[in-house]
Structures are given as structure tokens and as C-alpha cells.
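Have a look at the structure that comes next, please.
Letters are used for the chains, namely A, B, C and D, taken in the order the chains are written, and counting of residues starts over at 1 for each.
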């Protein structure tokens, strides 16, 4: 896992984890524990008291809980000057507005709320959006295990929409495609004009390829995720960054330079 | 290009080319010319007389002409004891029967008729058919330039059918797929139960990937063709093999054994 | 996992596992348990008595133990008419001769001894050896996690040797390579004339790519292994096949058609 | 090829080509000719007079000539207020200083000098440098035809150096690698601590893959170049951009957003 601080601080950053016994929370505890510049000072889950966090002097809290408790947790942390890194889902624009309000009242406190902590996935989308305006053609191929219910994946759909927006801004027209004789489905799903293909096979985990093409060359950006521990470097990146980012940060993008 | 004869024969094999000024024929002439164990002795095209071939003492003829003249060419060659390698299209079962008849009357004379001289493509299909019975999952992704009219490609459809047959023979049921929520087309075309995805992008030439998956592992067979010269090694392989293969040989498969 | 029997037999095959509490043995127990045509009737490990296997009427035994006990186990099984599937390492030619002797004395009893039960890996090597004679160029790129001690991997070295032998048999000379100005190591390790590149990166598990090239085209065979459960389909394949294969079978190759 | 201007200007941009009969120059002429927003007004080569360019009213000149004439050409153009796009090699820091001097004397005139006009290659390097600080591991695999003299390629070496610099700036230590038992060369060439593998095979053209890895995931950026026409979109991008970029622009990077 990347370790970006150059100088080792005198004191490790004190971290508390909410939802510590959940699938993701447990991984966060392990990752914080293993990082020499972080100290795991409190682990809280359903039935535990939040005061364990403040009593332990946590400077940053990581929240992987549920939509029904996360807002209470966040308000409680912000009011006590504790920074927050949040992976819990369910943030509507209305909820984000509320969080912004709490943060405005406590200048100096930061919160990072991200739908995806996979650094690789976030960079893939970032690069895809940047490349989009320079290539005549683009298609997405995502590959997952066959137990997945939706096709294409949410990440693929999101990537396609970002690409479509970048193409529109650059004044690019539709991608060239002379197909006349198609067996239904061969050319994939059409997401805002970008073709997306969903492959399903036993043995696969979670993979995505974005293929760009122009005269005589192609550029491919591929992300392979093998395990949920792949989210941990992104969580730690946010934990280390949030004390220096007062206010609300949405998504990992701004933290990735 | 592979060069499989170990001992160099005293005399190069004498080769004539029919359709010598066509796209493929011209490449064949160049390839024969460049091979030290072959000698290009006659080049014939529309308007030329076939006797140029027999006059020059050709032992093997390569035919890349058109469906309307190929049968006449073939009969003429076989009757004169000249072996033939044929890449011209349009061979129905009825036509093949006729050719078998001519060859039966001239024991010792051979003809290789193949729809595809790409060694890589033929091996890809061969390997795919062999792997098919050992994997729970399989999908095909073919990638071509955007001027292509059909989707999926003929090669992909043919590969899918061979895989489906191999799965049926092995008693395999349908591939696992829990997809419930699909944007139309995302899961590709269904060719005999095998999903096939057709990608189109400027910069691509002709590519195909067959992905097999079972518990914890995947096997991928990929073919990339950049140029029509990729057919030449297969044509030369057939030219060198045909004198030792009396009767009719269909496709490159038996020569790749 | 593939399930190749077409008709479901009246009775499931009775299977015992030796080394049942080991890393691999435990996975075998789970896999046998999950297969509807197999019944796990005995699990034996250090300190347990082998008679548990015969008492339970096991027809096939799977042995993932250690080199110091495997010979005793095998002799015991063969004498009692129990077929064996062996993944334990350490089989020298001398040991194999001994096993052949025991089997000769008990016609009808079979043993499959294999160094690698990964169907994908075995097929990759099989296909690579078959393709080798048809391509001018070939290189191997293997990719593993950075905790691996050897470079290249044993599988890559083995694949390179098989390819080199196939090239020699086909009379192919050295692969073309005009490199004059090389930073040391750039062109990889030379294994019998085949260049092998070993990539190491966090996040990778175990991957291998064999790249073949000839004029205008390339053929790539790639194997990705994500988990040790990837060996289970191969173990079950051997368990189902061994009752019909009296005598010694070496490696999965003969079982893969 | 991408076509980024949204509104079609009343008048096409008037373009002259120096080195018009060279390999690259000829392709530039074709590409300018085919673009509806550009007009090819002058083509000059050895022995021709430069005044053909000014007489034709060229607004932009593209120079693919040789190191011994390019400085004269550039000075001549800048003095006449003609913008320049230069792909000719041989620009030392001293030469660049001279060009900056000429441009300072003619405010409003722009020059783009780039060692590589492949948009895909430039973006690959840009993305690689940005991703570098976020991944523990990184390796480069470049693949070329076997007639190439150097290994690794200049692009691969350049990419490795940029990655090494980004890692150093981020305070990342050496990549993890437990290799103890290496066949010489297996782990590739060491370029500033980044391992680079050079694959050579008939059938390949020019390809490069940068593989990044961190816990549980990998990110791969791959560029495939099939043809020297792949440089044309980059040349046209520079031609369209240079009138709005007074002074010296080095490389395509600043034009790619």
C-alpha cells in the first residue's frame, strides 16, 4: 500500500472506526493497525457508545456503517472537531447539504465522503475522462463473476457517462460504426452513445477495460480488482489527507492530485 | 514465417499462382518468391491461358480467383496431375463432392481447400474447441475496425458454434449467469448459448479473444491479425504439404496437427 | 466447475482424502462434498489410521500429504484395490518405477500422479507446445506477487523447455532478434533459447502469457490463477477418471483429451 | 482522427509542409488535405525555395526535415510571423534557447516542438506519471518487432524515468521484490529502480504496457501503435492549437489538457 508522507511525524494519527465489526470496517481496522503512521484507538459498532471515540482522543473517524445511522455519527464527530472519512452509502444531495452546514459551523474540520475508495478504479475513470476528447472511438468492456445481477456494472455505466460528457464538451460527434448486419446484442449496450460490453465468467472477480482508438493506434486503460482489501489504500489516503482538508471533499478524485 | 522442412530438397518445389494480380494472389506471388525452397514458375490472371502453368512445369498451383472460374481451374489442374491449394470462396458440399470425384480419378494428386489460411486464427479455434469441455464459463470478444459491416465476425460465430458443440458433447449445461437487470445488449449476442461481444474502434485491425473460466482461474486465447500478409505462412504451409496429401484436405486443421 | 458425466450414476463414487487437514486436503474435502456425484466417506491426517479409508468403502483416495508418507499410503491403497489421485510432490523416476510395480501386481487399479492440477495451466502448456512449431517468434511473460522467491516461475521454465523441444523437432532455428544495444536484463532470461520475462507486483496473484508471432499476426495464450481452489476442478476430473484408467497416469494431460 | 473545433471557422487554416516528400512529411500532406478545416497551400522539400510558403500565405508550417536545416527554416518562419509545428529531431537545450530568442522578438508567433506526436503514447506517459505516486509496485513491458536495435525502447526508458521521479517526489521507497533465485535477466532491466521488460516478436509493431499494483488491485495502461499514421492526429492537434499559443511549446502534453 502506498505510503506518501515523506517525514515521519512525531506522533501517529489517532483513528477510530465506526462499523468496526462489519465486512469493510474490519478490513479498515486491520489496515490502520498495520500502518506505522496511524494508531487504531477506538472500534465502535452497533450497541457501542460513540463516546469511546472521543474518550480515546481520536483525530479521525472512519465510518462504514449504514444509511440510517451515518448522519447521526457524522454530526456527532463534526461537533467534536473530529475529521471523518465516510464510505457508507445513501448520500443524497439533501444529505450533503446538511453535512456542509455542520462543517461550516466548525471551520477546520474536514469530511471525505466517497462512493468508491478503489484508487485504481478512480484513476481509471479520471484518465478515461481525460483521454475521451482525443480519440475518435471508445468502448468499455467490463468483466465480472457470474453471480452479479446487473449488466453493465455501475462503474462501467458511470465511466461511460463521464466519457460521453467529455466527448460532447470537445464537440466530438458519434463514434464511427458501419455495422449493418448485427446479431442482437453483439454491439453491446448503448450508454449515452458509448458501447459497453459486460462479460460474465466463473473465475473472474471485477475487471474493466476502456479502449480508445484513433488512426493507427489504441490506448487501453484496464483495472483489475481481486479483493475488497483493494479499497484500503484509498481509505488510508483519505485518513491521512482529511486533517488538511477542511470542509466537504466528495470522492477520492481531489486527493489523487 | 515458419520454415518446417529440415533437409533442403535438391530442387525447389515449382509453384504457379492463379489470380496472380488480385489482392491475395499478389501477396502469394511475393511470398513464394521469397521462400528459398519454392520457385514461382507461372502467374496467371483473367485473360491469360492456363497452359502457362503446365508449360512451366508447375507441381503445385495456388488459386485465389473467383467462384465462377475456380471449378474449371481445379478440374484442369487435377487432370494434369498438378496439386492445388485453394483459397477461393464459394465451396458448397455439392462442389466438394465434384472435386472428390476428380481426385478419385487421379490417385496421388492432392487438393487443400481452406476458408481461412491464418495459422493463428485456425489454432485459436482448435484450442478453443479443445478447452471448451473443461470450463464452466466461456465468452468471446472480437475487436475490429469500424468499417466492418457484420457483428459478430464470421470467425467469432464459427468459434462460438464449435465451442457450443464441444460443450454439448461433454454434457455441460448452460453457462452460469445471474444477470437480472440488463441494459439491452450488455451481455452480447447469444450464438448457440455462447455470448459474443463485438467491439469496433478506429485503429483496430482484426482481433479475437476467447475467455474460459472455472473456479479460481481463467484461460484466454487471443489472436491479433494486423495485415493480410498474415495469411501467407498458412498458404506456404499448404503448398509444402499438399504433394504428400493425396485426395481432398479441408481446412488447415489437419496440417497443423 | 466442469461436470462431465452425462448420465448420473446410480451411486456416487466413494472418496477418501489423505492429508485432509492440510491446506490442499481441506479444499479437496470441500470440493468432493460439494459434488453431487461424489461422496466424501473418509478424511485421514497425521495420527489417524488408514483403515478408516477401507472401512468406509472408499473407491478412490486423494493424497495431498508429504513425500515421506506418500509411498506407504500408495502401496497400502493399491494393495487394497483402491484407486489413487496424488498431488503430493517428490516423485523421482525411481519412485514412479516402484508404483508401476505395485500397479502391475493389481490389474484394474489406477493411479494418477500429477505435479499440477490446474486445468488452465496444463492446457496452456499443451497448447503452447502445439503452437510452437508454427510460429517464428515466441516469448513468455509470467506475472506474480512480489513475495515469490524464484524468477522465472517453475511453470514458465517448464513451458519454455517444452516450446524449445517442439521448435527443435520442427527444425526451427533461433527466434529473430536484432537487439544490439541492450540495457542488461531487458530481453529477459534465456531458457533453452526462449526469452522469459518475470514481472512482480503487489496485487498480482499468478499469471502467465505465452506470445507467439509470425508475419502479420500474433497468438497469445494466457492463464490467470486467482486462488488455490483453482486446482479443485482438476482434482475432481482425476477422481472421476481414475477408475477407468488402470495403471499409472502421469500428469493431467492424458485426461484432458 | 479527432476533430475538436466545435464551430467551423469561416476560412480554413492555411498550412505549408516542409520536408513534404519525406516519409512523415508525405503523411502530413495527406492528413492536412483530408481535414476540412485545414488547407494545404505549400509543399516544400530539398531544393525548393521557402518563399513558396510565404507566397501561398501559409499561416502555419509543419517541419519534418533534418537537424541541419530545421534551425534555418524555423528562424525564417518566425521572422515572417508564420507559426511552426516541428517534428524534426536534434533539439538541444542550446537550440531551444535560440528559438525562444527568435520568438521573443515576434510576440504573437508560436512554435510547437515535440519529440513524439503520438497522442496515445503521450497520454500513456502522462497517466503513468500521475498514477505512479499511488501504487506500491510498477513495471513496464514494451513489445516490438524483432528488427528493433535497442532494448528497452526510448519511450519505455523515458516512461520509467518519469515514474521514478514521481515516486521519489511522493516519498515512495523501492518497489517490493523478494526475488532470491533469478535466472539472469528474468526480472528485466533496471531503469532508475523501475523494471522494464522488452519483448521482441515477428508480427508485433510497437506496444507498451505500464502495470501498477497495490493491495488487491492492478491498473494497466497500454498503448498499441500499428502505423506511422498514428502520429497524424497529434500533428493536426498542434497545427490547430499553435496560432493561439504564442512562444515555445515543448511536447504535446500542454495541448492535451
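The criterion applied here is as follows: a residue touches a chain if its C-beta (ideal position, glycine included) is under 8 Å from a C-beta of that chain, and two chains touch if they have at least 3 such contacts.
Composition by chain, UniProt nomenclature: A, B, C, D = 4-hydroxy-tetrahydrodipicolinate reductase.
Bear in mind the structure is a predicted one, so any value in this text is a computation, not a measurement.
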Touching both chain C and chain D (chains): A, B
Label of the chain whose CA centroid is most distant from the centroid of chain C: D
Higher-contact pair (C-beta pairs counted), A-C versus B-C: B-C
Distance between the centres, which are taken as Cα means, of chain B and chain A, whole angstrom: 47
Centroid spacing, where centroids are CA-atom means, of chain B and chain C in whole angstrom: 33
Inter-centroid spacing, chain C versus chain A (mean Cα positions, whole Å): 39
Shared interface positions of chain B, touching two or more other chains: 1, 135-136, 203, 212, 214-218, 224, 226, 230
Chain contact topology (line, ring, star, complete or other): complete
Touching residues on chain D, where the partner in the complex is chain B: 202-203, 205, 224, 226, 230
Chain A-touching residues of chain B, taken from the complex the two chains share: 135-139, 141, 143, 146-152, 157, 175-191, 195-204, 211-218
Interfacial residue positions of chain C with respect to chain B in the complex: 1-6, 118-121, 123-124, 127, 130-131, 133-136, 170-172, 212, 214-233, 237, 256-257
